[in-house]
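First chain A sits with chain B, and in the next complex the same chain sits with chain C.
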Partner chain A sequence: MRRYVIRRLAQAVGVLWAAYTLSFLVLDYLPGDPVSAMAGAGMDSSVVDPARLDELKKQYGFDKPVLVQYVDYLSRALRGDFGNSVSTGRSVTSVIADALPQTLQLTGMALLLATLFGGGLALFATYTSQRWLRQILLSLPSLGVSIPTFWIGLMIVQLFSFRIRLFPAFGNDGLRGLILPAVTLAIPTGAMVAQLLAKSLLTTLDEPYVQTARAKGAGRARIHLGHALRNASLPALTIIGLLVGQLMANAVVIETVFARNGLGRVTAAAVSIQDIPVVQGVVVFGALVFVLVNLVVDLIYPLLDPRIVVAATARRSPA
Partner chain B sequence: MTDHRTDSHGRTDSHGDADSHDDTSADGAGGIPTDGHSGDHDGGRNSDHCGDHGGTGAGLLAIRGLSVSYRTRTGPLPAVRGVDLDVEPGEIVALVGESGSGKSTLAHAIVGLLPAGGHIDAGSVRFGGHDLAALSERELRAIRGARIGLVPQDPTVSLNPVKRIGVQVAEVLRIHRLATRRSAPLEAVALLERAGLAEPEIRARQYPHELSGGMRQRALIAIAIAAQPKMIIADEPTSALDVTVQRLILDHIQHLADEFGTAVLLVTHDLGVAADRAQRIAVMSQGRIVESGPTAQILDSPRDPYTQRLLRSAPSLTVVHTAHTVPRARTSPSVAVEPSVVAEQSLVVVDNLVKEFPLPRTAGGSARTLRAVSDVSFTVNRHETLALVGESGSGKSTTARLVLRLVDSTAGRIVLDGDDVTAARGARLRRLRRQAQIIYQNPYASLDPRFSIKEVITEPLRAFGVGDRASRTARARDLLDRVALPASVLERRPAELSGGQRQRVAIARALALAPQLVVCDEPVSALDASVQAQVLELLAELQADTGVAYLFISHDLAVVRQIAHRVAVMRAGQIVETGPTDDLFTSPRHEYTRALLEAIPRWSQQRQAAASPSSGRTPSAKA
Partner chain C sequence: MSRSLAADPATRAGLEPQVEATAPTPGPRLGVDVRRLSRFFLRRPGLLLSLIVVALVALAAFWPTLFTGRDPLLGVPADNFQPPSARHWFGTDELGRDTYSRVVHGAALSLKATLIAVAVAFVVGGALGLVAGFVGRWVEDVLMRFVDVLLSIPALFLSLALVTALGYGTVKVAVAVGIASVASFARVMRAEVLRVRQAVFVEAARSSGTRWYSVLGRHVLPNATGPVIVLATLDFGTAVLAVSSLSFLGYGAAPPAPEWGTLVSDGRNYLANAWWLSTLPGLTVAATVLATNRIARALDGEWANQR
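And then the complex of A and B:
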């Protein structure tokens, strides 16, 4: 078990490094550079004095060869220093730390809603013996997946903020302000959870051991919750780990639509003005969250399925 | 028929004390109102029938005119058509038939456990006073597990993988309120012990994947007998198990039936098993029971042509069968008799082959390995069939895969056609691939469902760039002809063919490159008895025509006896005995070989022994 954890941790570090390097290369390759953007903020960049530009580039280290820049940045990043924002001059770490709570609330709430309602929908759809109801319920998730998030967001705002005036349309104020964006964000994610869990449940309910349970005289609820759910939840758990990444990506859109000051908006703003240190910081942070969540998921597997550690151990033994 | 009189006062938690009413359960159809207090309202009806057990003619189970069909896209597909069947208390009745005959459907219909789309169209299933066919799902639940236990077909997939064995056994008692939360675990252990599991306390705490197939089947038997049911339906309870384990499990089921007077409906495709265990046999074909009666009568004077055919093709009898109906000199046995010109004739020579697999590291322990194949040596001669016989886990399939170089050996040497291929790579390995082909066990899985049969057969030719499109098609047609399939099959997909036809296609594919060696990995174990016989005959014919050598992997001694010239018996990675087929069968030297032979149903052995002299080949007396 300890080796299993260590191995997973090593993988996590590898993923983080890869995320850093890849984002560095991509950002370096992009046309335009942040210094011109910064110097020319608000005006036509051709007006800016070239000497002043060179000076700025030197200050931020953009004049050095790419490899030197890379090693330089990487060694500082390892110490937790991602440099300063080109536009505001604040340290990237503090920019992220300031925006983080808002985004954590949003994505956390969305994940909770997605799991509860997605899982609930799947359970109910596979439990009901009404064919028509099952068909309707099972077609909901594909609908949820296929509608773009921003559109759902706009519609929900239209309905609940402007027509019914139940929740605020935008802003950061507390739980009331959180509900609409979290619901919007949860819809596509929950739909995927529902889709996968429902399919997985239907497959599991066809397994011979479910037949054994029925032969024991077990009722539907016992079979569904006692036998099928735990076996069916493994694929759903995997997808939840992956969906955290999707949640963070969608948060960019949602925070823009609902005008919330979170990581998503920081990212959107940084990208549009080519604030490379911030963008890079966000990418690495995103990778960190993603890796941690999947690590947790990996550690939960063996608790759900006693066969898993055995398999994992056998795989990594020297061949 | 709904008389909702509950007798909740009748019996309460005294059921928790499982042993206290063994005697009761043995003598009364209505003796155990197990769920009188569970609110399911059938205790009353049950008690109405307390009186009618034990008398003559009052069967425990009486099925009348039962018809079951499956909904399919093309309309209802009848699976069981107007079946009558009776089971008396304490009686073992075997329901025999080939796959698709409807025997499993019938067995499951009794307790209302039909798969999705299955529906009872007509008929009644009288059991202890109820018509099970007319009960609601809720009412049936009180019957399942409590009055009728089910032992499923494949123990390896029939236990919930994420729950401990003890919990799964205890669950029956909890569902039917025969034990309290506290007493259930202890009773589960007692039940596991009664089902014949050693160290039941440890087993109860283990998960299914930690137990062998035989142990899992015992756990499932514990589940089936937990509530002391009047009847057990055993659906092919041993077909997924090794022969020696099969016998133990069947012995145990029989023992339980004797001891507790439990009736058993034994569903099986194996006439040998039925003959050994059942008092009565019902033969099923195409959804109908074509013949039923006392076991001796069915076996000695079958009236129905289908029963007669089934008896002829029962695998254990096929030696006789082949000898009689295929009097060609070229079928297998005649070749075996020749003490072939050994030295130059050897096609495959395997020397001291070893294969080790790493095992999971235990806490603090050093790396361990599993020796799947340990120091195995054998020779396969040209034109010859060498059978590797053993139970699952004996290493026979691994050995075959080593010979084909599908896995790499840890140590040892493999020589094919004078060429040491132990470490062959690249072009040499490709050459080996061309010379050695394989036929897999399951023809349902080994053919690409998206390929047409033509594509399946010509794939090896395409892979090796043999001929052009036209000549490959001609070759495919020729090969199909050889395996006795019409050319019209060429454009069809595997799903449109029967199991036997698919295995013929797999054989055609294996022969496409005219290999010198074909490894047959349990090639007939997924097929019905009558189809088995045909495929084996085909293999023998093809060998006579093409001179191909077979390395024939099987757990089924009866099959091996029919096809092999020589037999190597494997156990725990080692070959314990090798010899010409007849010698091995008539005078086995190793005790394990003897155990394997003894595991063949007694009836089949008798038939074989009785028929052996008449085959005229080996007059050697039974040792």
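And then the complex of A and C:
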């Protein structure tokens, strides 16, 4: 078990480092001239003062060889310093930290809604014995993943804020303002949960142990909830990292639609003005969240399914 | 041939068509049975409708004048904010431009971006997977670790980073979207190459002295591309969504050009008084994605499983 934990930790750190390197290559190396892009950020002047360019070059270390730059950046990033926002001058870490709570609320709520309704849909669709109802329910998720989220958001705003004045259309005020964006954000994710869970429920219900339970006289509901659901939800657990990443990325669009302040809004704004340090910070943060969630899932998984550790360690030590 | 027979019951056993492109090998079917084809479509009206939708979108992209004679950029100020009617099917916007003709002309930009995105993902991802699977050893390790890293960054974030680096515009957005889905193509391609590489006919070709590039080009590649093509059709829908999301955020073509995402975002300011401005272009995007996803599902096993 200890070997398993150590290996997973090492993998997580490796992926994170590589993600940082990738973001460095894309953002700091790929633009022919990141400095003039950054110098132009925030103002629409095409003529940039050459003295300011040199100053910026020195400040961001672009006058040094790429490898030196990279080592510099990496060592600072390891200490949690991702540089300063070009437009506001504040440190990237504090920009992200300030915007994060709003986005955490939103994505947390959306994840909750997605699991509840996506999971409920899958359970009910596989439980019902009405063929037509099952067909309709099982086709809903593919609808959910096909409709653009920004459009769903606009339609919901139109309906619930302009036609029926039930919820505020824009802004961050409290729970009432949270409901519409969270529901919108939950739709594609919930659809993915429903698709996966329904599929794995259908396979699980065909397993011999379910037949045994049925033969022993367990009721349909008991088999579904007591026997099948636990095993069927394991595959769903493995994609939770993917789902959280997707939620964070979709938050960029949703926060723009609902004009909420949060990490997504910060990201969209940073991309618009080519605020490279902020974009890099957000990208690395996204990878960090993905890696952390996956690490937690990897560490919990053996408790739910002991076969994993056995399989992972058996190859190394046949003890 | 025996391979596809062996693979068949496995796919038929599942109630739902497999989403992961693993088993169905679209082998060469010479002379398509017309009766089988017509029965296949008659039983699936949704699929037929999807094909029609995709065909219409493609037509609109290449010959927009077939659908509308109006200029998408020409506004008639007197006609602004007209609701949908027989004259203006999708209504008019704040400058009096016809939304329907803007949607039709927008198809060209949006479809172009989508095709570029899928092509980038297909070529780059396919090449990575092919090299990884065919060469093996440390090359495979390095390439697949790289793919893992690509997967660890949420797709939209990766696209946004690329847009920041490359700049705005339809083509740049398309490339950014394509790069973001390289990873899944590389994975599927590698899995297929690994599977085909084990096949007896590859061994036979090798042992009879065929050069490695002939083995690759004539034996491995043709037999490994099937699932990757299925993935490409699936990715088409994803790419339409991603491209329209990015152009909704304002990173697509410059303002007067009618891109679908841009149309939806323009209509945003008039939600309260002109519902049609973002509703109808958005509905077009949704219909296109639904249709391509339906076709992808049909390619992914449904046809091969039906008898």
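Basically, the second predicted complex is superposed on the first by the 297 of 319 C-alpha atoms of A that agree within 3 Å, B and C clash if a C-alpha of one lies under 4 Å from a C-alpha of the other, contacts with A are read in each partner's own complex, and residues count from 1 in each chain.
Basically, contacts are C-beta pairs under 8 Å (C-beta built on N, C-alpha and C of every residue); 3 or more make two chains touch, one makes a residue touch a chain.
What you see is a predicted model; the values in this text were computed from it and never measured.
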Chain B versus chain C as contact partner of A:148, first or second or both or neither: second
Chain B versus chain C as contact partner of A:256, first or second or both or neither: second
First (chain B), second (chain C), both or neither touched by A:162: second
Most chain A residues touched (candidates chain B, chain C): C
Which of chain B and chain C A:88 touches, first, second, both or neither: neither
Contacts of A:135 with chain B and chain C, given as first, second, both or neither: neither
Common interface residues of chain A - those touching chain B in one complex and chain C in the other: none
Interfacial residue positions of chain A with respect to chain B in the complex: 3, 206-209, 211-219, 222, 226-227, 230-231, 304-307, 310, 313-314, 317-319
Of chain A, residues touching chain C in the complex: 14-16, 18-19, 22-23, 26-27, 30-31, 138, 142-143, 145-151, 154-155, 157-158, 162, 169, 195, 199, 202-203, 245-246, 248-250, 252-253, 256-257, 267-268, 270-272, 274, 276, 279-280, 282-283, 286-287, 290-291
Of all residues in chain B, those that touch chain A in their complex: 111, 113, 116, 138, 141-146, 149-150, 152-154, 157-163, 171-172, 175-176, 207, 209, 220, 223-224, 358-361, 367
Interfacial residue positions of chain C with respect to chain A in the complex: 14-16, 19, 145-146, 148-150, 152-158, 160-166, 237, 241, 244-245, 248-251, 261, 264-265, 267-268, 271-272, 275, 278-279, 282-283, 285-286, 289-290, 293, 297
